[in-house]
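Look at the two complexes coming up: chain A is in both, with chain B in one and chain C in the other.
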Partner chain A sequence: MVLRRDWWKILAVLLVGYTIVAGLLGTVPRLPILNESIRNLYFHVTMWFVMLFLFTISVSSSIAYLSTEKPLWDIRAELAVKVGMVTATLGILTGMIWANFTWGKPWVNDPKLNGAAVSFLGYAAYLILRQSIDDSEKKARIAAVYNIFAFVMMIVFIQILPRLTDSLHPGSGGNPAFSSYDLDKNMRIVFYPAVIGWFLIGYWIYTLQVRMRLLQNKLNQSQWND
Partner chain B sequence: MERLITFRALMAAVFLLITPSALLFAQDSEIPMADTFRAEGKIYVVVAVMLVIFAGLISYLIYVDRKVGKLERDVNNEEK
Partner chain C sequence: MLYLCRVNYRRILALVKKDVLLEWRQPFQSLSMVLYLLSTVYIVYLVFNAIIRPDVWVALFWITYLFGAMIISSRSFQRESGGRYFYFYTLCSPAELMMAKLIFNAVIFGLLALLNWLLFTVFLGNVIFHNGIFFLLCLLAGFSFAGVLTLINGISVKVKNHPALSAILGFPLMLPILLVLLAGSARAMVGAEFSETQPYLIALGGLSVTTFVLSIILFPFLWKE
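What follows is the complex of A and B.
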């Protein structure tokens, strides 16, 4: 690893390391029901933010694919979704553990939770759609168009609809999540670095996936040439 | 007269809104947190364990990164 090129990977490790230390040791508001579990914010919410970040990379890549038709953009779009699905799964699992503690049940029929589940399935459909088309150009084009649709639906389901109705989940029912009530000064100085750190870790894994796919494609090509 | 009634209703509403939050504020120190656990220094054990696991996962990530870098160099050299 070269420092000039990979400095952001070091930054990622430092920021997430800081999150673990400051997240467990830092001051948090004393709130009923939540108690110490409020510290989950640094880990549960960041997983969803990484998913949003990677899905944004994915939808931008799909748009870039549709305008340039370069296969690299299709590879980027696909792998960003795959890594984003992993962090979404972690987000759902950590959310269920947290909900079991604060709401008494791992799953409640809440607009935010159901919206997240629907978007998750929407992206699962994206990956299945890719598998079902053999022709690679056709696959890339149809998948790119569907990806734009899936992204818009995801924003509607997890960012817009829960705010229009009542929801148990913070950041819903009309309240933005970052009001002074939800996130105080002491928590911000951990939460913001945590978000950047996890963004970079997620991006790192995503770039590794892309590099491995390109290698794989090169090897397959040389096999055909021999 | 009507104005006075509305004013009283408004004041009552304000009090109703303020009182529960004031009660919550009074209970602040009674909300259970892991204070003893922290005072005994056991939280550092948890921090240490999490950091070790994180370090392990990051080492793996660095290992994969370097391996991919090496393979990229190999494949590109072969092409030349």
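What follows is the complex of A and C.
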């Protein structure tokens, strides 16, 4: 029974375990400048994918909240952002370590990095906004409005700006990127499982957070009744 | 979505007219804005006058404008908050109120950019080569800033108008607009062909339309107790 319900959690652990072992030991193409740091693809890029996935969950929960006004959707929206912020922080840190070795400094003025900064600052502001309202129904409504606005601006920003300016980041402006290692079979067999594995891990942490919050709410309520 | 069909355009015009009239009768707010720009540009002139370069000019221009727009937007819903909020609630739908505010703010912000340009020209000289393109950029800046800041101010009024909050909420969302403006005006400054600046103008237009539509859709959820 556990297998039928929780097979994806086992799969997540297996895939991420495989990513860590095969990602650090597997063969990678020898590209100039990137060298061994190319392995960051399995950890840095996947973190951003998971962040976008969780923010998408959050924004759909916010839309659901505005149309149904059920508090559960608000809890989902908030916790998806919180878990997404953790992966965003990890994405920024792995990126900065990588950039320090490849570009010589941890932060450069680059459309991709500005996109990262916008999403990080915007969602940090979302969490601050939630803290500054006491009334929970009002908090949920206002935060949902800001969430939708910020998400659309973030997507527009990530989509429009890199097309307008040159970027140092792999994947734009003629820099080697995943598309150019697409032919590399050795990297693909690690990268695709890594994406799925990290997605599942991110989603798992998020569901655990939601369950914990619901239990906490129940506990608070029962204490109130006693 | 249905409420968009029920929008009465005469009511929107009446709301815009009310704002313009109030601005005319109590001009201290627009005058304080002019004074803000004047003193900021004068400080910029004193500090940078010996070391100004065209690209620094452009950067300072948009920074001055960013903070000016931030300050002037903080009064967007001032007259509709508190007890008067209930009065407006009976008069018009939230979408109508938002549209009126967006139109009013877009015009005010556009004028603000032009005034800023005038002051920069007086004190630091005009470094822009293609004045026509820069004029368009100023107008579009007004539209896109109005799209972001009006809704942000609607939020911060609901959160008892904590002044730092609208900056925290607004800056991340204005960063994309600011970057497009900087890149576009750098090209207008060096005298690049219109075809080279065109993508930036289109991007700004797209950003304005997106923020306007989002504000009008989302505002009704904000505007209820």
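As a convention for this text, the second predicted complex is superposed on the first by the 213 of 226 C-alpha atoms of A that agree within 3 Å, B and C clash if a C-alpha of one lies under 4 Å from a C-alpha of the other, contacts with A are read in each partner's own complex, and residues count from 1 in each chain.
The working rule: contacts are C-beta pairs under 8 Å (C-beta built on N, C-alpha and C of every residue); 3 or more make two chains touch, one makes a residue touch a chain.
Just so we're clear, the structure is a prediction, and the values are computed from it rather than from any experiment.
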### Message
Output check: A:G17 vs chain B and chain C. Expected answer is one of first, second, both, neither. What do you get?
### Response
first
### Task
Look at A:K185 in the shared chain and tell me whether it touches chain B only, chain C only, both, or neither; answer first, second, both or neither.
neither
### Task
Could you tell me if A:A125 is touching chain B, chain C, both of them or neither one (first, second, both, neither)?
second
## Note on the structure
chain B contacts chain A in the complex at 24, 27-29, 31-34, 43, 46-47, 50-51, 54, 58, 61-62, 64-66, 68-69, 71-72, 75, 78
### Task
Spell out the part of chain A that touches chain B in their complex, as residue ranges.
1, 6, 9, 13, 16-17, 20-21, 24-25, 30-32, 35-36, 201, 204-205, 208, 211-212, 215, 218-219, 222
### Query
Can you list the chain C residues touching chain A in their complex?
148, 151, 155, 158-159, 162, 165, 168-169, 171-173, 175-176, 179-180, 183, 199-200, 203, 206-207, 210-211, 214-215, 218, 221-222, 225
### Query
Once bound in the complex, which stretches of chain A touch chain C?
66, 114, 117-118, 121-122, 125, 128-129, 132-133, 138, 141-142, 144-146, 148-150, 152-153, 156-157, 160-161, 164-165
